[in-house]
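Here come two complexes built around chain A, the first alongside chain B, the second alongside chain C.
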Partner chain A sequence: MNLTMFSPQLLLALGGTLLLLYEAFGRENKRTLQPVCTILVLLAAGVLLWLSDGQVGLLFSGMVIFDRFFIFFATLVLLGSVLAVAVAAGSLAEQRAYHGEFYALVLFSVLGMLLLISAANLVIVFLGMEIMSIPLYIMAALRRSSSRSVEAGAKYFLMGAFASGFLLYGIALVYGATGSLRLEEIAAAWADGAGLSFVGISGMLLILIGLAFKIAAVPFHMWEPDAYEGAPTAVTAFFAAGPKVAAFAVLLRLIIWTFSISDPIIWRFVWMLAVLSMTVGNFLAITQSSVKRMLAYSGIAHAGYALIGLVIGGQAAVGLIGFYLLGYFIAAVGAFAVISALEGKQEESLSFDNCAGQGKTNPALALALALFMVSLAGIPPVAGFVAKFYIFEQAIQHGFIWLVIIAAVNSIVSVYYYLRAPVYCFMKIPESETPPAPVSLGLIFTLVFAAVALVVIGVCPELFIKLADSSAMWFL
Partner chain B sequence: MSEFAAVAVFLLVGTGIVLFTFLLAKIIRPSAPNPVKLETYECGETPYGTAELQYNVRFYIYALLFVIFDVEAIFLFPWALVYRSLGLFAFVEMVIFITILVFGLFYAWRKGVLKWF
Partner chain C sequence: MIPLSHYLLVSAVLFGLGTVGVLISRNLITILMSVELMLNAANLALISFARWHADPGAHVFVFIIFVVAAAEAAVGLSLVIAIFRRKNTVDVDELNILKG
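Up next, the complex of A and B:
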């Protein structure tokens, strides 16, 4: 057995444990060293990941898989976490939400995400899901003095536990139908029709529901707006980057590879999830007065757009969704970073009215916000446009005209609320003076990186599309 | 389906035995109702106050630490049974496992969880 293929996970576990000890025993400069160490561990895990590029294999007697798919999605997760931690370094203390455990929790959560993406056995899927989620519940409640934050944590925990129940019950039924927990054996049983019994299909639908909770697809989205709004904004940035990508990755691995999408029941189910998510997400986002909550609903809508890729199915779906998530999470993390800076010391989440006049006091932040909103709305020339265009074009080629029409109408609706934030920033006269926002080094790093990445992906997307497509080469 | 039928039979017989023993006890035992019999059991002490009082949150943290090391003991038993045949690799693995848990205990200790006041 080759342990180098598992070394990113091992490093994250080691780093998380040591950071926890450092939080307990460290004395000076803790607040600056903790984020630096966390980012270094995350980057080192990324380097270890790419060092083993080209290798494929099953580890721990078929429990964990290492393939190009894992490398690609794990890179997205690590990148998103680095960006979110850089924001957290400055803003957590500012918003009275600093607890040194946050950094250890980030590493543990990322460890869970990597396990989830590399799972080749349903038990590891469940284990990864729990290792990922439990730190997230704690992070949501990080600002202990605020009842909203505690509410966010409690709600996230209850809904998460509910989702885990669905997932576990589904796993049990699939095991009952196919007699195996290994994904390759389940795939074989599915292919020759042995798994296609009532029990098997119910199990698969229950697993799908459990994962739909994690990607916040309607009607399993209830927790997301509250969890996103109540959590400290830097933590929300982490929520938008890590768990969503990991949940989509495992969804792809299970639906495309294990249970082939051609089954009509599951196909209709995913179609319905996609349409409901984008419609409900977009129309609820219009009515929001808090920018953070609006972005939470927009996250639901984007999950709907990404699910179009799953409806198309086949190996092509992997590249489509991978590229779409790349465009989405960079813009989302960037937008949350700007919100976190504009909130400054205030504990309530940023409302549109607070945005008024920011174009004058914080022109750079307002411009960055405008860029991220443009990308989320899908306006050229940034990444969000290419990602949306690519997914719609593929859907038309595969004959899903109605789905694309619904999605396009939704996109047009969404422009209204995305552009509301920049319009308020630049065109509305503020009622009172807005103070200049505190800007930390980490924030500048995240904003510059996200803005440059979005433009680069938007201008020359071929390279990234190719990279995303290559992730479909998984070990069979 | 026959294997599942065995489970159903097992379930029925199991439920039946419980119901039967309750019924049998009801017929045989003498009936002597007594208010003391309905009191809350508090390890032989005379109960006082209501049961709905606020507990110190430390109880839960203690319980959490206890459960962690309880589960660790469960993992140690099968490992100890086959220790001879597993050799050095298993020894190192178990040391790593326990070290992680001990780090957790250090963390809790340092954060003042083990202090009652």
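Up next, the complex of A and C:
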């Protein structure tokens, strides 16, 4: 067994523990050093990940897997976390939500995500899910003095714990039907029809329901708008980046690799989730007056678009969804970063009316917001367009015409609410003078990185599509 | 000997009770207890399947689930306390600032 393949996870666990001790016993410069250390640990984990590129293997007697799939999705998670932490460094203190534990929690949560992506055993799926989620509940309630934040934490916790109940019962039933917790053996039992009993199928559906909660697919999405709106905005940026990507990764591993998608029951279930998420997410987003809440509903709609990749199925789905998530999470983190700056010290979340006049007082931020919204809406030439186009094109090639028609109509509807924020920024005359937003170094880094990345991916997507496709080469 | 199906029936009933409890209960603490019931239903199912398959692996999984459930309960209860301090109630219907 080669421990270097597990070193990113080990480094994150160690880093999180040390940061927690530093918070307890450290004296000076905590507020500057903590975010810097967190970002360094995340980057170092990324470097360790790529150092082992090219190797594949099962570790800890088949508990954890190391393969190209893991490298790709773990990179997405680490990248998203770095961007979110950079935003948090400035904005948490500004919003009176500064607690040093936040940074340790980020590292623990990312550790859970990495475990989840690298799981080769249902025990690790459950464990990774919980290590990822428990810090997230605390983070949502980070602004302890605010009823909104605490309420967001409680709602997120209740739905999250409920979902893990479903996941766990599903795991128990699948174990009963197949006699193994190892994904490899479950896949084999599934392929020769041994797992296809009533117990096996209901177990699999329960696992899918548990995961659908985590990616916030309709009708299991109720927690997402509340958790996103109530949590401090920098935390919301982290929610949009990490957990969604990790949950999609484990969904891919389970559905494509373990339970084959060709199974008609799963196929119909995923189809229904995709259509419902797109439609309900989009139409509820239209009615929102808070930009943050609108983005939460748009996140549900985007989960729906990404699920189209899963409906297509096969190895191609991995590249499609990987590339789609890459385009989505960069734009979402960027948008939440702008919102956190525009909110400033304000307790309530940013409403469209607050946006009025920002084009004049904060032109750079308003322009960045416009770019991210354009990408989320899927308008060329940025990443969001290419990602959507790629997924729709593949769906048509595989004959899912109806699905693409529904998705395209939804896409057109979504342009209305995405462009509302920039329109308010640049064209609406504010009732009162808006103050200039506080801008920190981390915020500038995140915005510049996200904007450049979206344009680069939009202009030359081949390289990134190839990278995403290569992640389908997993160890089997 | 008690057959497997009896254990599974009990576990399914427990899981159903837990699910219904989460859905209809209005008290945060009761909801928390219902979630624990769901996890324990899964534990019972795992243990009985493990006996049936004569496989010790799942027994270890059950211990891991105990630990996770304890961690989850710790965070859940502290959130309940935070809610109680803000609102002086643990009724979920009072969690109504965020909606729409």
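As a working rule, the second predicted complex is superposed on the first by the 476 of 476 C-alpha atoms of A that agree within 3 Å, B and C clash if a C-alpha of one lies under 4 Å from a C-alpha of the other, contacts with A are read in each partner's own complex, and residues count from 1 in each chain.
The criterion applied here is as follows: contacts are C-beta pairs under 8 Å (C-beta built on N, C-alpha and C of every residue); 3 or more make two chains touch, one makes a residue touch a chain.
Please read these numbers as outputs of a predicted model, since none were measured by experiment.
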item	value
Contacts of A:Phe162 with chain B and chain C, given as first, second, both or neither	second
Touched partner set for A:Leu20, first chain B, second chain C, both or neither	first
Touched partner set for A:Tyr175, first chain B, second chain C, both or neither	second
Contacts of A:Glu94 with chain B and chain C, given as first, second, both or neither	neither
Chain A: partner with more touched residues, chain B or chain C	C
Chain B versus chain C as contact partner of A:Asp67, first or second or both or neither	neither
Which of chain B and chain C A:Asp226 touches, first, second, both or neither	second
Set of chain A residues, in rising order, touched by both chain B and chain C	none
For the chain A and chain C complex, residues of the former touching the latter	123, 126-127, 130, 134, 137-138, 141, 144, 147-148, 150-155, 157-158, 161-162, 164-166, 168-169, 171-173, 175-176, 179-181, 225-226, 229-230, 287-290, 293
Interface residues, chain C side, partner chain A - complex	8, 11, 15, 18-19, 22, 28, 31-32, 35, 38-39, 41-43, 45-46, 49-50, 52-53, 55, 57-58, 60-61, 64-65, 68, 71-72, 75-76, 79-80, 82-83, 86-87, 92, 95, 97-100
Chain B residues touching chain A - in the complex, by the definition given at the top	100, 103-104, 106-107, 110-111
Residues of chain A that touch chain B when the two form their complex	17, 20-21, 23-25
